[in-house]
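You will see chain A twice below: alongside chain B first, and alongside chain C after that.
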Partner chain A sequence: MSLQVVTGFVLAVLYFYTPLALAAMGGILSERSGVVNIALEGFMLFGAFFAVCAADLLHHEPVWLADGAGLLAAVLAGAVFGLLHAMFTQKYGMDHVVSGLGINLLASGVTRYFYLHLYPNGLSVAGMPRVFFVVPALLLPFLVYLFVKRTRTGLRIRSAGENPEGAMMAGVNVKSVRYFAVACSGVFAALGGAYLTLADAHNFSTDISAGKGYIALAAVIFGKWNPLGAAGGALFFGLFFALQTQLEIHNYKLVLLGIHLTNPMCLDTLPYLMTILALAGLVGKSRPPAALGRQEKGTL
Partner chain B sequence: MQTFPPLSRRRILAYGAASLLALAGCGVKHAGGFAALVLDMGGPDDHSFNEGAVHGLRMGRQKLNLPKSQTKWVESNSPSDYQPNLTALASAPYQVVFAIGYAMFSALKEVAPRYPKVKFAIVDDDAPPFPNCEGLTFKEQEGSFLAGYLAASVSKTKKIGFVGGQQIPLIEKFQAGYTAGAKTADPAVVVTATYTGDWNDETKGRSQAAQQFNAGDDIIYQAAGKAGLGVIEEAKARGKGFYAIGVDMDQDALAPGSVLTSMVKHVDVAVMDTMVRLKNGQFDAGTHIYGLKDGGIGLSPMRYTKQDVPPGVLARLQTLTQMMENGTLKAPVTMQEAAAFHPPALPSS
Partner chain C sequence: MATGTEAVKYALRMEGITHAFPGVLANDHIHLAVRRGTFHAVIGENGAGKSTLLNILFGKFPPDEGRIWIEGEEVTGRLNSSADAIKSGIGLVSQHYSLIPALTVLENLLLGAEEQWIIPFAKAVEPGKKLAEQLGMEALDFFQPASQLSVASRQKVEILKALYRGAKILLLDEPTATLAPSESDTLFALLKRLRDKGITVVFVTHKLREVMTHSDAVTVLRSGKNAGDFQTAQTTPGELLRAMIGEKTGPGNRRESSIEATEARVLLEIRKLSVSTGGIKRLHEVDLQLNTGEILGIAGVDGSGQSELVEAVLGLRKVDSGEICLNGSPINSMNTGRRREAGLGYIAEDRHDRGMIDTFTVAENYVLGLERRKAFGGGLLLNWRKIAEKTRTMLTEYDVRLGSDGALTRAGSLSGGNQQKLVVARELDAQPSVLLACQPTRGLDVNASATVHQRLQNARDNGVGVMLFSLDLDETLALSDRIAVLYNGRVAGVLARKDATSERVGALMTGAVD
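Here is the complex of A and B:
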């Protein structure tokens, strides 16, 4: 194996890791505050679309300005739809999964509609190098870890997810904390989406998030709701996706009990399989935040 | 005047659920007309299969001088949309309803017998056994054969790649033809193949292409829908000396100079041709196969890359095309056949 192949492999892992890790950090914040977040997929898709839209709008301006506008648009879109998810679940007491699914469907439909009507001939942006996302995505898990474990706001987020009644008694405004956490989660996931369009594909195509939000959520659960664990999960899944390609290139086939394990369709189930194993306690005890997804009656 | 019972909460729920279902089933009542398409999940922006079908609908409309209202296309967002979409368009009714994609076969089998007066045509699969159904298929292996021959002739590393969307017989035809074509140009050329397992994931397509380029490939043929656009992006990012080969539509202009050629599958020609045949009363049940011969398949004109092709190669491509048209050369359709394929002797030029 040449050096080129090895560096190529490592880069491929990092490029898979980056959007997953960004979205997974969003997932951590939201879920640690007690709000189930399958809407990561929708946040990513919105982020991907609005980022590329804004960058395209300013394509006559200097590249850094167009990219900056793209990032800003992704952040705003993530915050807005994050707040929407928080409002549905906290203000109107909607089931968290239903609200998340609704946002995902909305994202798919809205981005599809506007993309096809605004850009009938497709679009292409100069974008930015992928490293601008990769390095922050490598650092972010440590920051989120410190934030959740070591800061006052982090403690409030955890208390909102573990024992909202107790937190309320202690004078924490649980709802505000959750609004904040879910909005942040939207922002991170949308930045993961912006990576897909601004840095990787340099264009947009419908449903470009292709399930990455769900895989990020799987990484959160696989990592036992710990930022570093979730980052490890994202890295682990990235490793397998890249490995799959390497095995195919070199024509290795792993067949076990008549199942062709290195078949891409088989490998695509891996994140979900690992999630099930994690939930079944096969990779150590896994415990979600106690109040995760609970619909509180009355005021908090 | 009709009076309605007061709306109870339950009733509101029921109405809500019903209207949701109607929405999901594309419950908009269609006005009816001459021809309509049900697109597959890729969406009309795939620069590929679905887009070609929409283009063919437009070409057919212009050829037959029909007003715009006589044609219609609808998207499918999930496999559960196929049957409602086909039903909605057939009951409108449209004279001919196209199912764009092999995945709609079983849905079509359910819907077609219920609308015997409507004609149905399914792209990429044989027709279900009903008198009102046509199957429109392509000899992708023929175009892929030419693409493989060209790639192997242009490659400097003598290693070329293939990225497929899903490991299914349809995509195997592309891989098999490509491999055999490469073998014909140079038996020493190595072909690496990977599959994305997903038609939407551009970044995955790009990642696979990057790893294949790193492994020594310098030309990669993609048949992976939108995921394949990532292959083109990677070739573009690497610049000179690296190429992608496009698929289904002429994708050369997506990255001028980085797309060596496109294996164009004229879904548009098939759709238009079927519309014209129906108008002339020549719609007949069974499967129509479009190949090089009837202009259903072919390489793009290579507007940006002709100068990169070694001399003599284009002429030999012409010879190979003729051999496939007159049946003296049969491109393989499975990898098994490709492995057993013996390259034909080409007249030296």
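Here is the complex of A and C:
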């Protein structure tokens, strides 16, 4: 294998890793605080859409300004919908999965509607190089690890996810800790979405997140709710996405029992198949935060 | 009203504290005055309002009425969260420990009291270590997860945690409930050392012996009201007991058993039964006999081993050793279903938890556990017509008022009294030889209680052996033909009805006599 092929493959892995890792770090913060977050998918989609909208709005301005606006729009969208998920689950006691599912359906419908109506001819933005996302996505897991382990806010997030009553008795305001954690989770996932539109596709298409939010959540579980482990999970899943595209590009053929295993349709299932296998078998014993997803009775 | 210098003698004062829960006045104008640097006990039966008082003090909920002073300064209306209470110098060691198992000891200590955003763990451990040394806990590893601590150490860490955040007043809610006797002694030695350092200790208990041995002053609560303040040195266990349980007369629904003692035979025999949970012995070699045609009341303060005894007999809990015989044959190796078929009936303490399924209809609930009977189908399919018919006859007999949907009414929509009657009807209709009745009238009004009492006595007269578990001493005294008292997982005594005065039973229950 030539050096070129190897470099290409490593880069491809990193390109798939980046959005997964960003969203997975969001998943870590939310779930460690006790809030189940399947809404990562919706946060990513909103982030992807609002980023590209803002960048398009300023496409006459210098590129750095358009990109900055795109990132800011993603951050704001992530924070707003994160707070919405926090409010549904913490203020109105809604089941965490139901709330997350609602946000995902909302994201899919709203972005599709506005995309088709605002951009009947599609859109295209200059965007930014992928490296602007890849490097932060490589550093972020270490920062999140230190944040969760070593800071006051991190300690309080962990306590809220493990034993909210005990945390409250120790003087922690569990509700506000969770609002903060879920809002941060929205921001990180939305930035992962912004990567998809600003740095990867340079445009938008409906449901562009294509389940990456769910795979990010799988990476969180794969990594046993540890930021470094989740990053490892994102890398693992990224590997199979990259493998799939590389096999397609190089038109590699593998025929087994008369079935053309490497036809594009079979290959497309590879990352998802690996996700299922990883979650089913490889993870082994994995303990979620003790109070994850629990509906609290009374006030906290 | 104490003012100025006089008020400052008190570390804590509460006046006219009133708090109502739906349907219950938990605290009714309670006052409490605790001198600084003393060891003050708050005692009372279950439901006397002790825990409510502590929770108010720790900011869990504000009182409906009343004023609170800490160190002479009024804090009324300022204790709205645990954080507020901690700031005011109050520390609580609750019955259900509030340590977070997944965090390390040090993290638990710091949580909520972290001074810097980036926590300097290596530095933060120093004051903790110093405190631990003062408390005689040099061996404590601050970096192990709290889940690895023993129950007794967990409690000590709770105390450490309160002191770490500067508590001057330490509240303990039934601190010895989960401790072995030797561990209790260690705990009290520790608390006395704290008192001598100027910390005020308030502890809630219903164990009179602890109060007499360790406290300086006592406040007695009864049914949400004050029932006396005492200096421990100037009082006797008898005086405290009278204040605690008051004059017990018992309701007048008692009937003597119609079965002569000479005809009685043993239905349930428990021999040297020992049970433990989490390494702590909850029952020590308990011997009990239940005969035909008697109601055996099991008295004891909450947590003396009652639920362990019930669950061991039902097969819901593993026993360490001992034998349980029903109608002469051992049932130790049977599962719960088999035991019920062999003649055990069970009125659960919490009907929503174990007695019925709220979302099922009355008929569905009625057939639970009886579904294998031939009369209800017996084969693959249930015969709902027959079940509904039988349900209706039984429920008319028990005077359960159903809604317009009859036997198809959702059980959860019935009143509490009717739900309980449904459970009692089902259990008695299964014709058990032994009935375990746990808190059979909890939450019922006078009439519904009277009906349930009638039914239990009718069953007894038909030869059923009833084991009655009630935290309400009145009920136990009113219905029982014999009373066995549990204290710390042992049978403290078995009394015949005529010897079972409330003083005698109360003294056994609280460990005031040996």
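FYI, the second predicted complex is superposed on the first by the 260 of 300 C-alpha atoms of A that agree within 3 Å, B and C clash if a C-alpha of one lies under 4 Å from a C-alpha of the other, contacts with A are read in each partner's own complex, and residues count from 1 in each chain.
We adopt the following convention: a contact is a pair of C-beta atoms (placed from the backbone, for glycine too) under 8 Å apart; a residue touches a chain by one contact, two chains touch by 3 or more.
What you are looking at is a predicted structure, and each value in this text was computed from that prediction instead of being measured.
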Partner chain(s) touched by A:242 [first = chain B, second = chain C, both, neither]: first
Contact breadth on chain A, by residue count: chain C or chain B: B
Chain B versus chain C as contact partner of A:172, first or second or both or neither: second
Partner chain(s) touched by A:4 [first = chain B, second = chain C, both, neither]: first
Touch list for chain B against partner chain A, complex: 43-47, 75, 77, 161, 166-167, 192-198, 200-204, 206-208, 210-215, 226-227, 229-230, 233, 254
Contacting residues of chain A [partner chain C, same complex]: 150-153, 155-156, 158-159, 162-163, 165-173, 289-290
In the complex, chain A residues that touch chain B: 4-5, 7-9, 11-12, 15-16, 19, 108-109, 112, 115-116, 119, 122, 196, 200-203, 205-208, 210-212, 241-242, 244-246, 248-251, 263-265, 267-268
Residues on chain C engaged by chain A in the complex (per definition of touch): 58, 81-83, 86, 92, 94, 97-103, 107-108, 110-114, 116-119, 121, 161, 165
